[in-house]
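Per-chain numbering from 1; labels A, B, C and D assigned in written order.
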Amino acid sequence: MNRLGNKLTLTTFGESHGPAIGGIIDGFPAGMEVDFEAIQKELSRRKPGQSNLVTQRKEDDEVEFLSGIFEGKTTGASIGFHIKNTDQKSKDYSHIKDIFRPSHADFTYEKKYGIRDYRGGGRTSARETANWVVGGALAKQFLKDISFKAYVSSVGEIELKKSYQELDLSLIDSNDVRCPDAEIAEQMANKIKEVKKAGDSIGGVITGVIQNVPVGLGEPIFNKLHAELGKAMLSINAAKGFEYGSGFEGTKMLGSVHNDLFNQDESTKTNYSGGIQGGISNGMDIYFRVAFKPVATLIQSQTTIDKEGNLVEMMGKGRHDPCVLPRAVPIVEALSAFVLADLSL
Amino acid sequence: MNRLGNKLTLTTFGESHGPAIGGIIDGFPAGMEVDFEAIQKELSRRKPGQSNLVTQRKEDDEVEFLSGIFEGKTTGASIGFHIKNTDQKSKDYSHIKDIFRPSHADFTYEKKYGIRDYRGGGRTSARETANWVVGGALAKQFLKDISFKAYVSSVGEIELKKSYQELDLSLIDSNDVRCPDAEIAEQMANKIKEVKKAGDSIGGVITGVIQNVPVGLGEPIFNKLHAELGKAMLSINAAKGFEYGSGFEGTKMLGSVHNDLFNQDESTKTNYSGGIQGGISNGMDIYFRVAFKPVATLIQSQTTIDKEGNLVEMMGKGRHDPCVLPRAVPIVEALSAFVLADLSL
Amino acid sequence: MNRLGNKLTLTTFGESHGPAIGGIIDGFPAGMEVDFEAIQKELSRRKPGQSNLVTQRKEDDEVEFLSGIFEGKTTGASIGFHIKNTDQKSKDYSHIKDIFRPSHADFTYEKKYGIRDYRGGGRTSARETANWVVGGALAKQFLKDISFKAYVSSVGEIELKKSYQELDLSLIDSNDVRCPDAEIAEQMANKIKEVKKAGDSIGGVITGVIQNVPVGLGEPIFNKLHAELGKAMLSINAAKGFEYGSGFEGTKMLGSVHNDLFNQDESTKTNYSGGIQGGISNGMDIYFRVAFKPVATLIQSQTTIDKEGNLVEMMGKGRHDPCVLPRAVPIVEALSAFVLADLSL
Amino acid sequence: MNRLGNKLTLTTFGESHGPAIGGIIDGFPAGMEVDFEAIQKELSRRKPGQSNLVTQRKEDDEVEFLSGIFEGKTTGASIGFHIKNTDQKSKDYSHIKDIFRPSHADFTYEKKYGIRDYRGGGRTSARETANWVVGGALAKQFLKDISFKAYVSSVGEIELKKSYQELDLSLIDSNDVRCPDAEIAEQMANKIKEVKKAGDSIGGVITGVIQNVPVGLGEPIFNKLHAELGKAMLSINAAKGFEYGSGFEGTKMLGSVHNDLFNQDESTKTNYSGGIQGGISNGMDIYFRVAFKPVATLIQSQTTIDKEGNLVEMMGKGRHDPCVLPRAVPIVEALSAFVLADLSL
């Protein structure tokens, strides 16, 4: 399905080389003044060509709202929007028409549907995530008292070891990597450039931090706050893992250390729980990590197979991201906001 | 919400100290011969009191089917079932009526609902997962050609370093820990006993392996196979993280290494993808890891607060699991099966 | 699917001759004091054997709540319940095992599922509606300021021509037919007895009236209040039609007559709209009519076919309703309440 | 919500005076060759200005598909589309900005949302139904062996008394009314012109006929085929009632007459059931009737109130339908097809 959310829903469409991508946001409350500039700004954080660390495709990514907003305010009606595709170069992709790129969805789409729009990845393209950023940007405005931040906390082996409390999160956008530590950011940038030069790609981790969350968001059994967050994050192209609070490291701890003891004001002394107890927010910071694999498309020759099972050599062409992390930061923030908005209705 | 799945759904109810827990399975195909013994066997793998590593509560956990099965076969009608609660001792819990246990859902339920059944955790009790095992056991029978296995791969710092391919998965139930390596299992068992003796608790990791999966399961955008698996696993009490395929480790790799090259038979030479491309199964093994924190209830004195914000000393009573991992193995398998059954319809 | 509602849901199970029927109510608000007696009273209005106009089966129809209620109040957790089947006589039905009763769901179930529980109609039995009455009775208590009434307004050709405003709706239960006009009720009762004597059956119409409805319930496009009401009513066994406000008669009117002009207090002078504009309640009374066909099971010989297509004579046995209308009144009320509760959340 | 369907869904957006309306069709099977001309033809049957019986607005109603179709075939990806609004004259509507038109959704939207796009009805405009026609036209192509027909069977008091079997349904589009009986059609047309001249409006009934339906469509309990059909039809602007098979008339019959006896080939001798038993299609023709009220907007002076409760005189302006029936015929067909496509997946 092409729908995220239960009460607030985002339904999307679009292939990277069709006329447009877009979506419908349903269930958005009426009467909210929309800050269009803020939405466009989030899209610009995600768009290609914004720095020399990312793909050099040139998409303006201008969102047009078609409904649900009247005289600058939401009306409670469904909000339709689209983003035109302006820089698609379909010729670029004819060489992959009949072959399956390694670690790409070419093969699985072909087998599932018997047909696929192979141009630029078609529906599998991460271009889809621009739709999510629109939904998330509106959600951020709805939940204006909650802060949604994300940053790159590792690229390959280069890891930012400081916890989010030790960082100045206002510096996230101060460099192209979107890592709020200038020194580590530079190391990451250099690594990405090195990998790019080699026609290779590299993965990494994004940390998300949600602050000033009211107590009580999330459902107890199957729509736990962290399960919904995890599902949303795992929907991002190239995502391979999600952990929150103490995560995988916490598995090594004893309960007597891991338990977050209460202060008398109902806050907790530690926060291994990551702001969520039994699937419901407890008012402490929510923090989590999302793992991203190195993207599959390389500017290197690889041996693969075609539809008939013949071995063929292929050479990635086109303009690809050597590392998706910098552009994925606004996506992680957007989905965080969307999930919380959905659970808050 | 208390519902898992989209086309095949499991809706559940029940508190640990009410008369019964249970559920309704909707969308199950007609005409399948039900192996009741196999279902009961799965429940026995999850039930308390099965070994000295787990809680000594005595629940028979006998499932009664109330509908949807006629003369031993599913009819396509909704399948209602319940499991009676037979060993609840409500007195055990009166001491926690007005206090919030650290790192427990007591606090968040109280704030969200203004009321809670405090006896034995009420709705937050992991007893709920017995319902999931019933759903998963039926799903396993429906997908009888697919193999669903899970095992304990770490307890605290004790880690089974072998990959699942190096293990004999038929040995999972050969020891109480449910770790298929006898030597490591013994270390884990000793660790759990030590922790138990100290009235403490400890976490760990469960690895899941799904084999013989047909190509094409999963939806491309928001119901990706791994996102649905992740959501289901993160719904398990005490779960803190989920990763599949190369997971968090894969973030450190280069794309040229990480890419899974095809063989001419459409299998891949490596499987960092974990059997899923673009959210859709590619026919290779699906494998994943789930992190579990140390459970919150300790048989130690802890300082906490009551509803009025007074500091109080509390001492965990009752019969608790020092480590949930051994009993969580059948839950991981059950949810795996349920998610795949849902996506296969 | 076996689920009604979107935010407040009722999921059900059960065959007439299984051990029990039941359901799960999910999304019910926390903190409501439950009046169990009132629920049981609604069930008694629906149960068989209550008068000589209806089937003489003897079911106690006692509902047992299994979860979601603690110390008499709802907790926000899912509410599981069941109603045991106590008077099933499976022998009664062996004669219909291999044949398709005319105008019954025997044929369509067999073709759709390839298997069916033929005893007493199995899942097709109107016994299922006892579950709905439980859900509706709880919904009524939640919406305690809204009045939900229904009554029999025709049986065969005998029609109560007065509008609901001309009737004393407190008299609905003053006779076995549940028609608030004593004289017409007697005619209806005589008609039903006559039909019963002949081993035949007869249909009729139930009018529903919902009063004191707040403005604003219902969704504009696809979950219009009247569309949801209509869907719910058409789900009742034997229902063949639904109209609200001016209904089919209103199609003959001119707009200049049909339009409901406003009073200055925002009420309207007439109410052809039936309390709903654009799918949303306007605060005026909601009223509607539901058509019920004569039930298919007769105590007469009918020629029909068996699974092999052979012509066979069959004679209805067992204890059947000659007219479902009197027992359907509480079902119409229950579904009205459930639909409005769902839309009010 | 702005979504129709369960497995096949149509999510929509759009106000009559925004830049465009549109929708997303999700769950449509892959590999179907799309006949774009046929879709456009259905839209032309619904569009304004097509004859002198309907509104003289001039909308081209050209649908543009934005995704989900590649080289003329569906790909299984979500199908986004929009229809530009080209003839909106927003000045026309400033006179109704602060007043509530009688029997219109102005009042209920204002109360529910506190804001509304008053231009041309905004989201309440029947222009929305153009989106439904797109969805239905695709569904018709998917279910190409099933025939979906609808026709005007009454306008005001003028009633086509023949049953659908006595009519030549290929003549539906042979006149502007869309009534397949030329003589009655002319009476209807004259009536509509008379009403139009008077600045008034009039209602009527549309009969739908679905033929060549496979056995087994529909779900037994809450997604009965007729309940889903009814819900869809009641979603159409101005719809007031729905009945299928023998409908309200059938309530007057005895069961011994109403029962549809089987032929040995599993067809039935009569078809009072309307092709549906227990919510599931039995292979016989499905037929139903939908009641439409006279539309509320008149070209006459009416007294109404404004937001402050002042009495004001208003005079409908603009270009309105005196009778929605002719343009509603393709909508009824479209929704029929969409509902059956949804249930067939």
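One rule holds in what follows: contacts are C-beta pairs under 8 Å (C-beta built on N, C-alpha and C of every residue); 3 or more make two chains touch, one makes a residue touch a chain.
Please read all numbers here as calculations on a predicted model, not as lab measurements.
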item: Chain-contact steps, minimal, separating subunit C from subunit B; value: 1
item: Chain at maximum distance from subunit B, centres defined as averaged CA atoms; value: D
item: Same-site or different-site touching of subunit A by its copy subunit D, using the half cut; value: same
item: Rounded Å distance between subunit A and subunit C, as computed from the means of their C-alpha atoms; value: 47
item: Separation of mean Cα positions, subunit D and subunit A [Å, integer]; value: 40
item: Separation of subunit C from subunit D, taking each centre as the mean of its C-alpha atoms, in whole Å; value: 27
item: Residues of subunit B engaged with two or more neighbouring chains; value: 1-3, 12, 77-78, 112, 123, 220-221
item: Sites on subunit C touched by subunit D in the complex; value: 1-4, 6, 12, 100, 102-105, 107-109, 111-112, 123-124, 128, 154, 156-157, 195, 200-205, 215-216, 218-224, 226-228, 230-232, 234-235, 237, 240-248, 250-256, 258-266, 268, 272-274, 276-282, 289, 291-298, 300, 302-305, 309-311
item: Subunit D-touching residues of subunit A, taken from the complex the two chains share; value: 1-3, 9, 11-15, 18-24, 26-27, 30-31, 64, 66-68, 70, 73-80, 82, 112-117, 122-123
item: Residues of subunit A touching subunit C in the complex; value: 7, 77-78, 220-221
